[in-house]
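In the two complexes that follow, chain A is the common piece, with chain B as its partner first and chain C second.
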Partner chain A sequence: MRFIDTQTLRDWLDALARQVTLIAPAPSNIGEAPGLVNPPAAGMYALYQPVGSADEIAWDFQRTAMSAREFLFPKTETLFTIETDASGKTTLHEPKVEQPQVIFGIRPCDARGMRVLDAIMLEQEPADAYYAQRRRNTTLVGLSCPEMWENCFCTSVGGAPNSSEDVDILLTQVEDGYAVQIVTEKGEKLAQGIQLQEVEGLALPEPKLNETFEMPTEQTWLDSFNDVYWDRVGERCLGCRACVYVCPTCRCFDVRDEKVVHPDGSGITRRVRSWDSCQGVNYRTVAGGANPRANPDQRSRNRFYCKFYYVPTDYDVPFGCVGCGRCIAVCPVNIDISEVLHDLAQRGKA
Partner chain B sequence: MIEELGTKVRELLESETVECVIGYEVGPTGRVRPAFIHEPDEVGRLVFNTRCDHNLVTYLNRRNKPRKKGEEVPTTGILVKPCDARSLQVLLNENQVQRDKVYIIGVACPGMQNADGTLEARCARCSQRVPLLYDALFGTPPEVSDIADTYTDVEDMEALPREDRLAYWLGELDRCIRCYACRQACPGCFCDVCESERDDSLWIGISDAIPEKAFFHITRAFHLAGRCGECNACEMVCPMGIPLSLLNRKIVKEIEQTMGGYHAGVSEEPTPLITKLTGEEAINEIH
Partner chain C sequence: MTEENPMRPYLGTLVGTRKLATNIRLFQIELNDPAERDKFSVWKPGQFLFFSALGVGEAPFGFANIPECGPAIEVAINNVGHVTRHIHMLPLGSTVGIRGPLGNHFPMEEIKGQNIVVLGGGIGGAPLRPVIQYILNHRADYGHLTIFWAARSPDLLVFTDEYDEWNSAPDTEMHVTIDRPAEGWTGNVGLITQILEQVAPSPESTTTITCGPPIMIYFVGKTLNKLGFSEDQMLITLEARMHCGIGKCGRCNMGEKLVCLDGPVFRQSEVSTFLESFL
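Let's turn to the complex of A and B:
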């Protein structure tokens, strides 16, 4: 088994940050103002962020507040810009090609989320060109989870806290450093610059697991669509989008042309796309005002069907959910995807 | 207290006085959450403790709109703490909730606690232990001496140089993911179409960018001027830990100190601070 000691890893990351965009979990205490007697918020959320050195990394992070999907599929991106000058002449600008990026410290569940995104964005023609470009330029250096934390259920949806399936390199913390598993050619290429030691008989720690639960069958999903159960879930749902935006696999977006016109007639139109959510009231509103998902129960039901029925039916992935547990953690009213799965599995047996 | 409350809820459901009662329950993983009780035999799920900090009044905005055209609005029983009652009073004053469609189950408030057992900051500065508005009241209010809000958090912020304040807020608001949990949890946010979610981007675009996020939060704070019942729901639900109540409290402080001690939702007077409702919009005659 290959091994890297902590200092060598840090030195390598420092060097890497000078060559590529290095993304890693880092504390987001950007909002701390100096001189406050009673600081209103700690603001210490670990988020995947571009970092300039190993010192900036939140080495003791567990699960970041947001997944890393925004580095393949940004919250907002400009698809193109049209510039108009005062004479009315227009020029089209395409966004520039993104620099190579390395996502360091991605958890196996978040990496698995990228497999779901890949399936949706790339599997069927036409592939999403913007996503494809970033995906090509991205290398994933994963970090095994030492345990499954509160709300984690990756093992129930086919993942594992130490899974190397969806990363290019997987690091697992051992004494004085990390065990290194190089998984893909991309990983091989990236690792060329690192000094790795070969350690005989290096044992990988066994992560502490949460209980695995049974999933509802496909037939149960089919039979339960009109069940009053969804009314009960939906009436509690506040209709915010927190669950969707923290999710590593949600990929709905909205597209708009946003225009700025100057008094002399010149201006800029940006075609932007931003994350959207099936939990929003206007998500399915169509021209004329009809809305096939006008009620909260229909919208909250959609999120579960999307993850566990629509995505597995339409794409070559087992589930559209990777069990990261973020949606459970953020829900203000405790709508708990694992509880819903459990309830539904029970209903299937009844 | 929960037994008497349960008996009352059962009676309300059995007599069909209400279609549903919104209270609190403990979920399977031990978290307290809102509960919708439709059947008398579900009454056993109800709990009330120091972790029941959700403001349930926000659900009335939805329940007071017919689900289908022409359908009658159902009558709802709802548990309210003193701060929740203030938001409900605001909604009643603004004709958003029909008084005869809601049965108000007031609960004496012990003060809500954080997960670590400490008193929530908003409760530490509140001495109101009995809701001003209820049809039935449960629980024994604890003895609390009068506490005046000293707004130390707001004053700390005011004391900062302008550029530090700006840096602070741009940093905090940058974390916003536009999930709108603050808005959805807020009883005072009941617009059918939010200014930040119009399909035509009239006021604000769809970008996840600081100008949009700052515009949304500042506009929301102003829309709540003179209407915020200080329940802190916005801040509690924020997945990114943004101290949103500070924006609202700045306005609450300004209003209290410059406009004769005005506080939203503490009076049945249908006279919101900055919008006097008259004519057919008014519930009662303006005195």
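Let's turn to the complex of A and C:
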């Protein structure tokens, strides 16, 4: 087993930050608003962010407040700009995203979320050109979770806190340093810059697991579509969409134009896309006002079916959910995805 | 970008526009780059495009003509929302954006030799005009063509100036109806389902193609069923709010199906098996 001691790793990251965009969990003041009755757990204060050195990394982070998906699929990005000169001539410019980036310390569940995004954005043709560029230039250095924290259920949806399946390199903390598993060619290439030691008989710690629960069967999903259960979920939902924004696999977006016109007639038009959510009331509303998913139960149902029936049916991934538990932690009315799965599995047996 | 970017529109010019009905206009666009024009001019009846009023936004519309009836790309647009309001205000010569062709199409090859019944309601007639044009251009390849064309009122009927041509085409009949009586209207009055039941086309080696508001598609399906048509014989084309047209934005899903990639053309028998449908 290969091994890197903590200081060598930090030195390597310091050097790496000078060559590429280094993204890593770093402390954030998110959640530090005074007067919160239930302040988030310490680890929730960290966010994946660009860092300039190893000192900036939140080394004891647990689950970050947001997933790392925004580094492949930004919250808002420019699709293109169209410049018009004073004579009315127009030119279209497309952005280039070529800066290589390394996401260090990504948790196995968040990396697994990128596998879901890959299936939708890359493998389903035609590929999304913006996602494709970023994905190609991104290397994932994962960090095993020492335990499953509150609300974590990755093992119930096929993942594991120490899974190396979806990262390029996986680090697992051991005494005085990290065990290093190089998983992909991309990882191999990145690791050429690191001084690794070969340590015989290095034992990897067993992560502390949460209980694994049984998933509803495909038949249960098929049978439960018109169940009154969804009215009960929908009644509670405020439509705040927080669950979707923190989700590592959600990919819905909205497209808008912005325009600036100068007095001489020249100007610039920018088309931007932003994250969106099927939980918003007017997500499906068409021009003229008709809304085919006008009821809260239809919208709540869509989120769960998308994750556990539509995505597995349409793409080569086991689920559209990786069990990170963020949507549970963030929901203001305690809608708990694991509870919904449990309820449904029970109904399937009844 | 080095790769094909399906979110990048081709730039085109608005070369013509005319009124079709109250609040509905036909827009003709020519792409600026000849290479892009050639690449684009392969669209088929039933496919759709995204039309950008640059600086305002883009929205999906069905093609209203076929390339053989070009060279301009034609779309019929109802002034009902933010983007369409601005499209209606565009002066001739404006630069516009076009993305596509997108989605699947009516199986014109597969239904060769069949009798065809076309049922269009309101602006839902627009995406069916390519079907009619295609059949009339390849008249010998298809059997009898029956066109049912409906609108709420006479001022909402689209392509009225082409009815004579369609009606007089060989082996073709056309039935136009409006929902309620109107001053000066001497034609049929009643819902499209009523006139469909009266005319009662035979289901024998016949395919139906329907586009209109969801409620119309639903009841036309019921009536066709009564007339002996199976759901396999019924083709419908659906619409949904969309932001990409390439299966990414997630917006247009009906259950596990995406209207943009799996449709917009479906067989009624397929839609009946969807977990979620809005008909």
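As a working rule, the second predicted complex is superposed on the first by the 334 of 350 C-alpha atoms of A that agree within 3 Å, B and C clash if a C-alpha of one lies under 4 Å from a C-alpha of the other, contacts with A are read in each partner's own complex, and residues count from 1 in each chain.
Going forward, a contact is a pair of C-beta atoms (placed from the backbone, for glycine too) under 8 Å apart; a residue touches a chain by one contact, two chains touch by 3 or more.
Given the structure is predicted, the values throughout are model-derived calculations rather than measurements.
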item: Contacts of A:218 with chain B and chain C, given as first, second, both or neither; value: neither
item: Chain B versus chain C as contact partner of A:85, first or second or both or neither; value: neither
item: Which superposed partner A:133 touches (first chain B, second chain C, both, neither); value: second
item: First (chain B), second (chain C), both or neither touched by A:292; value: second
item: Which superposed partner A:251 touches (first chain B, second chain C, both, neither); value: second
item: Partner chain in contact with A:123 - chain B first, chain C second, else both or neither; value: neither
item: Which superposed partner A:334 touches (first chain B, second chain C, both, neither); value: first
item: Contact residues of chain A, present in both the chain B and the chain C interface; value: 254, 256, 258, 276, 285
item: Contact footprint of chain A on chain C as seen in their complex; value: 1, 3-9, 11, 52, 54-59, 78, 80-84, 95, 214, 239-241, 243-244, 246-251, 253, 255-256, 258, 261, 275-276, 278
item: Chain A residues touching chain C - in the complex, by the definition given at the top; value: 79-80, 82, 84, 88, 90, 92, 94-96, 120-121, 124, 126-130, 132-133, 222, 225, 251-259, 261, 267, 269, 271, 273, 276, 278, 283-288, 292-293, 298, 302, 305-306, 309-310, 313-314
item: In the complex with chain B, residue positions of chain A that touch it; value: 28, 30-38, 40-43, 45, 47, 65-66, 75-76, 151, 232, 235-236, 238-242, 244-246, 254, 256, 258, 272, 274-277, 280-282, 285, 295-296, 330, 332-334, 336, 339, 342
item: Touching residues on chain B, where the partner in the complex is chain A; value: 27-29, 31-36, 54, 58-59, 62, 67, 152-153, 156-157, 159-160, 164-165, 167-169, 171-172, 174-175, 177-181, 183-185, 193, 197, 199, 201, 205-209, 236-237, 239-243, 246
